[in-house]
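Heads up, the next two complexes both have chain A, just with different partners, chain B and then chain C.
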Partner chain A sequence: MHISDGVLPTAVTIAAYAVSFCGAAWSLRQVENKDLPKIAVVTSAFFVASLIHLPFGPTSVHLLLPGIVGALLGPVAFLSIFLGLFLQSILFQFGGLTALGANGVMMGMPALLCGLLFHLIRGKTALSHTIAGGICGGLGTLLAATLLAGLLATAGEDFAGVAKIALAAHIPVFIVEAGVSAFAVSFLFKVKPELLDTSRLRK
Partner chain B sequence: MRHRNLFQIITLSSLIFLGGFCLPPAVFAVEEHPSAAGRTTASAQVQESACQEIITLLQEQDKKTQRELGRIKREIALLNQQLDKPGISEMLGGIGYIFGLFGLAAYVASRKKKDRGEH
Partner chain C sequence: MTPHNEIHISITALATVLGAAIFSIVLLRMALRQKQRRNAAGRNGDPDWSVPTIDAYADRISFFHQWDPRVKIATLFPYCFIVVSLQSLLSSTIALLVSLGAVAACRIPFARTAKRLLAMAGFLSMFLLVVPFTSPLRGGETLIYFPGMTHFPFHMAGFFVALNIVIKACGVALLMEPLFGTAPLAVTLQSLSRLGLPDSISQMILLSHRYIFVFLNEIQRMYRGMRVRGFMPGTNIATMNAMGNFFGMLFVRSFDRTQRVYEAMLCRGYNGRFPSFIRFQATPKDWGKTVFWLLLGLLLLAIDRI
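For the complex of A and B:
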């Protein structure tokens, strides 16, 4: 799920770049030194995840992971996703550089929201963590697909039609994503719960 | 009676003799016309059938090349698709970039900390 070069109108591209840069800069300020290795690993996972294609019917789907990135990194998620998308666009030709801002908004915003939501609903037990992880995983992809449709709507596409297609095409992704996120969070809760403590918001 | 017989024999033989002279050209003349016409129609038919054969051969060949071309086009499309797909080196390179960048950040952070500690 990447927006390609030249799809969006110039004004939207520039606005999305502005939002993305603000988000990344704000995110960068939230980085704590002790979190650097964790951020690096999660960023790498996000970077590689979109290459693992699972065949599904006539098409194939791949993981997007905004939900779990948000859950693991909290406010730093935006920076992580922006960096991952940047490297994807220059190394894999996913999306393209001019659409990077829009892609950053599309994936970064759901990640931030999911991070916040995970922080609010994760509770204390393993079960609540697992459920929260699953919800965040599914919701991240859902929000990303909705944002994709919204951004494409600015390019003159019929919003409802695109939204329906994007949501329908990503139904398997929601499910897989929710499962993967729930599993990852429950596993981390068991073996290294401190990884789930995201860095606190700094002004 | 005998004379008559003789006369008959002579006339018959002369007729035959004359016939020998006259008939063959006549027969040829009779035969030549239809044979010439037959030959031209036959050769035209031969030519036509040869043309048909060549046309069918060409058509078959055309079909074959079309099929081959289609196959090659599909292969090229497939190859293009595979070329678009990032390979393992790009994946590892990207991961390397990420770790490198964060390593650099960690290094800078540790330097800052050290500087702050010393001052």
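For the complex of A and C:
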């Protein structure tokens, strides 16, 4: 779920923009020209993932993939997610231009943390990779939902109810995301393990 | 605390209103479905994964098309923040009308803009439905009690807060077409780099934007293959497994592809930036437009503060 324009107080949107810019600038310093294809791939996949709806009981959820983006890109994940969100907002108004900073913080920070965590716990075997992928996928969504609720709460008492509902609405996403991330990571580990290696991205 | 007004609504009145609301929603859905069916003729059952191209109407001539993109972005971006910071319903409604005028002025079919507004509908309707029932009690406001929900009165003040948000969100969303739809994306990015965006970032945006459409093609092909092999999405582990592999495969294939494309680009002399032959020239007319929009923004702020 993306925050739309006009929801957050102006001070919060500007502060979030500042944080996002710092995050993106820090990410950009880790990038070398030869990483460009990989970043473009992950950014586009992040974009495309939000179009794919999976059924969950009577409703359907769409994937966010902050966990996988973090696992694939490590420190550059923040930049990739910020650019993906920019494209989403100019192409079809997921989120909004003024809320871009807030959305960047909301999705980018969890991706960074999950990327870090993934490389700490991934181990050497396929099973440990699968478990680490599942944990990071679920945790990424959980953190994003928590940040969303926190940002909404800064907008005032009026939004406490919405914040709680938004948090609750993410429970199915959290489950589906953990499952899909686990299987995706295990697939990548078997087929192309070098994609999961971000040490090349870290100087 | 000033006393608040209470309005109790009888069941018959509520039933009439609810009935009318449900009826109009059903009508709207039927209209949408009919339109979809017309669009999707011959594609039976494939989910709609189409992405609009942002600059499909960049070659027209209008107020916004003829505005120097650098000046346009540098003006309208702060203006969006002014719209977002509006507090009163009156000023945000005026901002919405201004944005509607801007969309009309940039001569882009309104259907594209309507699609943008639809994309926000879920998030915004949540606000309209939830905030009035959960906002705190303010002095002097009106409470409406619906039958059977005596513990959750409808706060008019909360409703106005939510309505203001919806209007502001639409006001900014409408400006996106004039802002980004009136110049080719490459030109927009070029002007962003003139405004200080690092070159490598605009390269990434251009490449990612290109690959989005390639990927969409790819996932449509892959998904069709899965359906042919009998894949039925459901709430179970098998679906997660299939979708996990689906994404994994998407990454593997597209990474190989982009790697090849990138090497081909290097062979043809790519050195981290595309050569550009775009010349920007800001004329007094461009600055005149800027002054006009800034005055408009100040006027909105003034109305807001009164």
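Keep this in mind: the second predicted complex is superposed on the first by the 182 of 203 C-alpha atoms of A that agree within 3 Å, B and C clash if a C-alpha of one lies under 4 Å from a C-alpha of the other, contacts with A are read in each partner's own complex, and residues count from 1 in each chain.
Note that in this section a contact is a pair of C-beta atoms (placed from the backbone, for glycine too) under 8 Å apart; a residue touches a chain by one contact, two chains touch by 3 or more.
Not measured: the values here are computed from a predicted model.
Engineer: Putting chain B and chain C onto chain A via the overlay, clash or fit?
Structural biologist: clash
Engineer: Tell me which partner A:Leu147 touches in the superposition: chain B (first), chain C (second), both or neither.
Structural biologist: The answer is neither, since A:Leu147 touches no partner chain.
Engineer: Once the two complexes are aligned on chain A, which partner has more residues of chain A within touching range, chain B or chain C?
Structural biologist: Between chain B and chain C, C touches the greater number of residues in chain A.
Engineer: Of the two partner chains, chain B (first) and chain C (second), which one does A:Ala77 touch, if any: first, second, both, or neither?
Structural biologist: Touch status of A:Ala77: no partner.
Engineer: Quick one: is A:Ile39 in contact with chain B, with chain C, with both, or with neither? Answer first, second, both or neither.
Structural biologist: A:Ile39 contacts both chain B and chain C.
Engineer: If we overlay the two complexes on their shared chain A, which of chain B and chain C does A:Phe47 touch? Say first, second, both or neither.
Structural biologist: both
Engineer: Mind working out whether A:Cys114 is in touch with chain B, chain C, both or neither, as first, second, both or neither?
Structural biologist: neither
Engineer: For chain A, which residues belong to both interfaces, chain B and chain C?
Structural biologist: 31, 33, 36-37, 39-40, 43-44, 47-48, 51, 83-84, 87, 91-93
Engineer: Given the complex with chain C, which residues does chain A contribute to the contact?
Structural biologist: Spelled out, the residues of chain A in touch with chain C are 1-7, 10, 13-14, 24, 28, 31, 33-34, 36-45, 47-49, 51-57, 63, 65, 68, 72, 79, 83-84, 86-87, 89-94, 96-98, 157-162, 165-166, 176, 179-188, 191-192, 195.
Engineer: So in the complex, which bits of chain C are touching chain A?
Structural biologist: On the chain C side, the touching residues are 47, 49, 51-52, 54, 77, 80-81, 83-85, 92, 115-117, 119-120, 123-124, 126-127, 130-131, 133-136, 158, 161-162, 164-169, 171-173, 176, 179-180, 198, 200-201, 203-205, 207-209, 211-212, 214-216, 219, 233-235, 237, 239-241, 243-245, 247-252, 254-255, 258-259, 261-262, 272.
Engineer: Show which residues of chain B lie in contact with chain A when the two form their complex.
Structural biologist: 84, 86, 90-91, 93-95, 97-99, 101-103, 105-106, 109-110, 113
Engineer: Along chain A, where are the residues that touch chain B in the complex?
Structural biologist: Checking each residue of chain A against chain B gives 31, 33, 36-37, 39-40, 43-44, 47-48, 51, 83-84, 87-88, 91-93.
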